[in-house]
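The following pair of complexes shares a single chain, chain A, combined with chain B in the former and chain C in the latter.
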Partner chain A sequence: MDEAMLLSILLQTAYASTPLLLSSTGEILSERAGIVNIGLEGIMLLSGFVGVVVGQETLNPLLGILAGIGAGALVGLIHGMITAYMKGDHVISGLGINLFALGFVPYGIYAVWGVRGYFNPSDQAKVPKVFGVSPIFIASLVLVPLIYYILFKTRFGLSLRACGEDPHSADASGVRVERMQLLASVIGASFSGLAGVFMSLDWLTTITKDLPAGRGFIALAIVNFANWNPLLGLLGSYVFGFSWVAIEWLKISALKQVIPVTLLNTIPYLVTLAVTAGALGRSRPPKYAGVPYKKE
Partner chain B sequence: MPPEKEVAIEMVNISKVYPDGVLALDKVSLTIYKGEIHGILGENGAGKTTLMRILYGNIKPTGGKIKVFGKEVSFGSSKDAIKIGIGMVHQHPSLVPVFTALENIYLGLPSNFKEQVSLKELIERTGIKVPLEERIEDVSLGIAQKVEILKVLYRGAEILILDEPTTNMTVEEVKEFFSTLRNLKKMGKTIIFISHKLKEVLDITDNITVLRRGKVSGSLPTSQATPEELAKLMVGREVFLKLEKQGSRPGEKILRVEDLWVKRNDGSWAVKGVSFEVRYGEIFGIAGVEGNGQSELIEAITGLRRAERGKVFFKGENVTNAHPLKLYTMGLAHIPEDRQKTGLILDMSVAENSILGIHRKRDFLRPMMIFNENKIKEHVERLIQQYEIVVSKINAPARSLSGGNQQKVVVGREFSKTPDLIIASQPTRGLDVGATEYIRSLLLKMRNNGKAVLLMSSDIDEVMGLSDRVAVIYEGEFMGISETSSVSEKEIGMMMGGYKMGEIGIK
Partner chain C sequence: MSLQLKLGERYKEILFSISEVALATLIGIGISAILIKAGGYSPTSAFFYLFKGAFGNLYGLYTSLSYSTPLMLTGLAFALSVRAGLFNIGAEGQVYIAALGAIIAASLALPSYLYLLAEFAIGIGLAVMWSLFAGILKVWKGVNEVVSTIMLNWIAYWVTEYSRSNIFYDPLSPDRTIRIPITGRLPILVENTQLYSGIFISLIVVIVTYVILWKTALGYEIRAVGLSPSASKYAGIKYSLVALEAFALSGLFAGIAGVMETIGRPPTYAIVTSLTNLVNLGFNGITVSLIGRNNPIGIIPASIFIGGLMAGATSMQIFAGVPLEMVQAVQGIIVMVLALPGIIRLIKSKIRRR
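Let's turn to the complex of A and B:
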C-alpha cells in the first residue's frame, strides 16, 4: 500500500464519517435537552436538496450551505414547536419529517430541474476544497469539541441538560424549559442540515432521494452508543465510517467473488450494531428525552 | 412595653379559587414576624401549599392583599418574589438527581445574578455543610433538603418557605435538620415551616397558624399549644391521640418465623436470623430505623422476596417462599410500604386498583372470565364510602389521588379480603391526622375481633401505641422482643440505636 492510497483511505473514512458525526452531535445536543428527533434522515435529505437548489441557482456554494443549514433549522423549529410547546409525540413528529422528505424531494427534483431520480450540481455550485480537503469536514472537527464544551463546561449547557434530565426541577430553578428545548431542537436539526449539504454539495455532489442512505438512523444509534457524549460520538462515527470504507475496498478486491456484495454491504451496520450493543448496557439516556414536559 | 416585633409578612383575606372551581383558600389572613419560625399546620388538602405558592408568586390569588416588610406586593411570577428575598423549597424535591450539589445550586441562576455572599462564606455562616461535589442521587434526603435550602439562600432569600420538608426524612435526619433551622433563625432569617405533623411543629416553631379546609381555624404561640388542641383545630373535632385499647386476649399462633435470613438486592444480608411469632388477637409491632432490614423481612414473609434460610409457617403450614397468591387465599393481606410502587398501579383506575389481587374472585366475574363491571362498581363505591376516599370518578387514574387517598384505596382493598392476618408496613406514612387515626383504628378493630396484625413502622409512637408486643430490628437482627407495656419509649429508642435488650437492663 503506497502513501497516496493510505491518504485516500483516510480521506474517504473522514468523509464517510462526517455526516454521521454532524448529525449525531446535533442529536446529542437535542436529546440532552429532552427533544428526540428521529427525523434526522429526512432532514439530511431535505437540506441536501435545498442546498443544491440554492447553490445551483446562485452558483454560490456558501449560500447553498447556509440554505441547507437553514432548512434543517426550520424543520427543527417545527419539531420543537410540536414537541416542546404543543407536547406532541416526539416519535410521530420525527416520523412525519422522514415521510415528508421522502415524498417531497423526488417531486422537488422533478419540479425544479425536470429530471427524474437525481440531479448533479454544476462545478461552480460545489463546495471548493480548502487545503485540499472539505471545509465542512474541518468545521465538523471544530464543532464537536465546541459542543462538548458548551454542554459540559458552561452554565448554558447545565441548564440545557437539566431540561432533559429533570425539566420540573429545571423549571423550578428558573430555567425556561420550553424555550431551551426549542432552541436545542433548532440547533440540533441544523447539524443534520449541514450533514445533508455536505453530502449533496461537497462529498457526493448529487441529490437523489437515496442521498442519506440510512445515515440518519445510524446517527441515532451512534447517539446511544456514545452515551450522549459528543466526544464518544466522534469515536462511533469514525468506527462506522472506517468500516464502511473498508468494505468498499473489499468489494473492489478479489473477495467479492467469494462473498456476495449485498452481504458485504451489511458489515458496517453489523460492526456498528456490535459496538452499540456492547455499549448499551452502560449507556444512560437523559431521563426525560422524548417525554413531553407538562407542568403540574 | 416590649419593643414591637417587626412584621415580615402580612397576608390579608387571601382567597383562591382554582380554574376547576375548587375553593382552596377562603379569606385567609396571617401575620409572620421577622426572625421567627412560623408553623403552618393543616391536614392534606387544607390549602397550605396553595397559600405558600401564592406568597411565592407561583400562582395568583383570586383576592386579598400581601405585604412584605410593610410594602404591598403583587407578584407576576416567583422571579419577583425571589427578588425581594422570598425563597421556597417545594414539597417535591426540585433538584436534578444526576447533577452535583454545586451544579444544582448554580442551575438556572439569572444571567444578571450578583451574589451577595460567596457560597463558601454562606456555608460557613449557616453551618449547612453538604458534599458539594456529590451527585444528588447519591446523598440522603436530609442532605438533599439542605442543598435546596442553600440554593435558596444563595439567591438571597431572607424569608424561607419550607413545604413539608421532613416528609421521608428519618428521625435522625429530622433532628439534624432542626438544628440547621435554629441556626438560620439565629442569623435573623424568617422561616415558614409547613407540616401536618404535630410533634414537629410543636418542636421547632415559635408561632402556629392552623388551616382547615381553606380557612384559618386557629393561630397561637407555640408555647401555649398542646397536641390535643392542635389536632382538634386541624381536624375540627376531638381526636384520640391515645388510642383506646382494651387488654388483649391472644390466642393460637397464626404466623411463625424461624431463623429467617434474607438478602438485599445488592446481595448483602438484610435480615440475619430473625425468629418470632404472631398470635390471633394481637398486634405484633416491628420498630426500627428505616433501612435496618425490616422491609426485606416483610417482603420475605409476604412472598415478594426470597428467603435464603429459615422457615415461615402460616396457620401451621410451611409457606416459606410461597407465592403471594397462595398466601392471600390462605387469609393473609398485605398493606405494602410503598403504595405507589407496590400498592397501586398508578396509571390504572381507582376501580381497577380496588380489585387488584382479588380480581380472580367469582364475584367480579361473569361466565367466560369476563369482568362484571357492575359488581366492580359496587365494590369500589362501597370502599369509597366506607373509607371516605376523595375521588372525582371511579375511573380516574390512581395517580390523580392525593397520597392519603391512595393509601385508603390500598387499605380498603386489603381489608376487603377479610384476612385473618394483616401485615401493615408503614401504614400511615405521609398521612394526615384524620386518615392516620382512621387506619390505626381499623388495625385495632382487627385485633379486637380476634384477628392478627403484624405492624412494621418507623414511627415509634405508632408502634408503641398500637402493638401488644414489640420487636426492635437493628442491622437485620432483633435487639429484643417485649410486651409493649413493660418497655419505655426510651428503651425502644436505645434498641433502635443498636443496644440489645439485655444490655439496657430489661429482661
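Let's turn to the complex of A and C:
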C-alpha cells in the first residue's frame, strides 16, 4: 500500500466519520441537559435538503450551510418547546421528526426540482475545499473539544449538566431549567443540521431520501458508547465511520467474489450492533435524560 | 352508583382521547396545507382528491381497508411494546424479513396444500427471531432498542433486497421475486380490488391481543412492567422474561403483516425492487398505534384512517399533482402533536389562566 492510498483512506474515514461526530456531539450536549432527541436522522435529512435548496438558489455554499444549520435549530426549537416546556414525550416527538422528514424531503425534491428520488447540486453550490480538505471536517475537529470544554470546564456547562442530572437542585440554585433545556435542544439539533448539510453540499453532494442511511441512529449509539463524553464520541465516530469506508474498499477487493456487494452494505449496521452490545454496561446516562421535568 | 360514575369517567377519557387525536389531525392537515401551498400546489384540490381516493367511493374504501390490514398488525406490534415500556420500532424490518420467509416457502417443492402453512411458519419464525435479537440485546446488554431495531431494519432491508436480486429472482421478470403459487395465496375478498381476506386475520389478532392485555396474567405483567419496572419487580414479575415476551409478540404481529402483504395483496404476490411494496408499513404502524392511543381497539379505526391516507395518496398524486410522500409528512406532524400529554387539558388550563 503506497502513501497516496493510505492518505486517501484516512481522508475518506475522516469524511465518513464527520456527520456521525457532529450529530453525536450535539446529542451529547442535548442529553446532558436532559433532552433526548431520537430525531437526529430526520434532522440530517431535512437540513441536507434545505441546505441544497438554498445553496442551489443562491449558488452560495455558505448560505446553504447556514440554512442547513438553521433548519436543524428550528427543529430543535420545536422539539425543545414540546419536551422542555410542554412536558411532551421525548421519544415520540423524535419519532415524529423522523416520520416528517421521511415524507417531506421526497415531497420537497419533487416540488422544487420536479425530479423523483434525488437531486445533485451544481458545482458553484458545493462547499469549496480549504487546504485540500473540507472546511466542515476541520470545523468538527474544533467544535468537539470546544463542546467538551464548555460542558466540563465552565460554569455554564455545570448548570447545563445539572439540568440533566438533578433538575430540582439546578432549579433551586437559580438555573432556569426549561430555558437551558430549550437552548441545549436548539444547539444540539443544529449540530445534526450541520451534519446533514455536510453530506448534501460537501461530502456526497447529493440529496436523496436515504441520505442519512441510519447515521442519525448510529450517532445515538455513539452517544451511549461515549458515555456522554464528547472526546470519547470522537473515538466512537471514527470507529463507525471507518466501517463505511471499509465497504467501499471491500467492494473493489477480492472479497467481493465471496460476499456479494449488496450484502456488504450491512456492515455499518452490524458493526454498530456488535460494538454497542460489547461496549455497554459501563455507561451511565444523565439521570433525567428524557424525563420531563416538573416543578413541585 | 359508583359503577355509573366509573363508566362516566371512562367515557370522558375516551372522549378526551378522540378530541386529542382530532386536534392533532387538524394541526397536521393545517401545517401540511401550508407546505402544499409553498410547494406550488393547491391544498384544497390535494385534500379533495386525497379524501376522494380514500373514502369517496367503494373502490377507494376497499383500498383503504386493504392497507389497514397490515397497519393494524404493525400498529399492534408497536402498541404492545409501548405497553411494556419499550420503543420497539423494528416492525419495518420484521415485515421485510417475514415477506422473505414467505418467498422462501414459495421456492420449496411442497404439496400444494402445505404452501400457506409453510409461508406463515417460515415468515413468522424469521420475524420473531429478528425481533428477539433486539430483545436479547436489550435484556442482556442494555442496548437501547430504538438503536438496535433501526440497525436490524437496515440489515433486514439489505438481506431481503439481496435475496430478491440474487437468489429468488424471477428469471422472466428479474425486477421481482418468484411469485407465490396460487394455492399459497389468501383469497381476495372483493373481486377487482386489493381487499383480501387477511383483514379478518388482522381483526382477530387485534381482538385476541386486547383480551390478552386486559384479561390474562401475561397481559397484566406486560402492563405492570410498562408502568413501573421497579414496582413490578416487587410484585415478583421477571422483567427480562416479560420484555422478551413483548419482543416476541411484536415480532409475531409484524411477521403476520409481512407474510399477508406478500401472499394476499393482488396483483404482485412477490417482493419487488427496493421492496417498494413493503416499505413504510412498519413505520406507519407507529402512527397507527399512537393515534389509537396504544389500545388495540383504538388501533382498528386508526389503521383505517392511515390506510385511507395511503390509499388516497395515489389519487392525490395523479389528480392534484402533489407527490404522495406528503401523507408521510402529515403523519410526522400528527405524531409530534400526540407526543404532548393531555393536549386538550393543556389548552384548557392555558385559557383558564388568562
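Simple rule for what comes next: the second predicted complex is superposed on the first by the 294 of 296 C-alpha atoms of A that agree within 3 Å, B and C clash if a C-alpha of one lies under 4 Å from a C-alpha of the other, contacts with A are read in each partner's own complex, and residues count from 1 in each chain.
The criterion applied here is as follows: a contact is a pair of C-beta atoms (placed from the backbone, for glycine too) under 8 Å apart; a residue touches a chain by one contact, two chains touch by 3 or more.
What you see is a predicted model, and the numbers here were worked out from it, not measured in a lab.
Asker: Overlaying the two complexes on chain A, which is it for chain B and chain C: clash or fit?
Answerer: fit
Asker: Have a look at where A:Phe100 lands relative to chain B and chain C in the superposition and call it first, second, both or neither.
Answerer: Only chain C; A:Phe100 stays clear of chain B.
Asker: Check the residue A:Leu46 against both partner chains and state whether it touches chain B (first), chain C (second), both, or neither.
Answerer: A:Leu46 contacts neither chain B nor chain C.
Asker: What is the contact status of A:Ala172 with respect to chain B (first) and chain C (second): first, second, both, or neither?
Answerer: In the superposition, A:Ala172 touches chain B alone.
Asker: With the two structures laid over each other on chain A, which partner does A:Ile82 touch: chain B (first), chain C (second), both, or neither?
Answerer: second
Asker: Which angle, in steps of 10°, is spanned at chain A by chain B and chain C when each chain is reduced to its C-alpha centre?
Answerer: For this superposition the angle at chain A equals 80 degrees.
Asker: Please indicate which partner A:Ala162 is in contact with in the superposed arrangement: first for chain B, second for chain C, both, or neither.
Answerer: Only chain B is touched by A:Ala162; chain C is not.
Asker: Counting only touches as set out at the top, which of chain B and chain C does A:Thr266 meet: first, second, both, neither?
Answerer: Only chain C; A:Thr266 stays clear of chain B.
Asker: Who touches more of chain A, chain B or chain C?
Answerer: C
Asker: Please give the nearest C-alpha separation between chain B and chain C in the three-chain superposition, to the whole Å.
Answerer: Least C-alpha distance: 5 Å.
Asker: Per the contact definition, I'd like the list of chain C residues that touch chain A in the complex.
Answerer: Those in contact with chain A are residues 35, 38-41, 87, 89, 137, 141-144, 146-148, 150-152, 154-155, 158-159, 161-162, 165-166, 280, 283, 286-287, 290, 322-323, 325-341, 346.
Asker: Provide the residue numbers of chain A that touch chain C in the complex, in ascending order.
Answerer: By the definition above, chain A touches chain C via 38, 41-42, 78, 82-83, 86-93, 95-108, 110-112, 209, 213-214, 217-218, 220-221, 224, 260, 262-263, 265-266, 269-270, 272-273, 276-278, 280-281.
Asker: Okay, in this complex, where on chain B does chain A touch?
Answerer: Within the complex, chain B touches chain A at residues 79, 82, 90, 92-99, 103-104, 106-110, 151.
Asker: State the interface residues of chain A toward chain B in the complex, per the touch definition above.
Answerer: For chain A paired with chain B, touching residues are 155, 158-159, 161-162, 165-166, 168-170, 172-175, 287.
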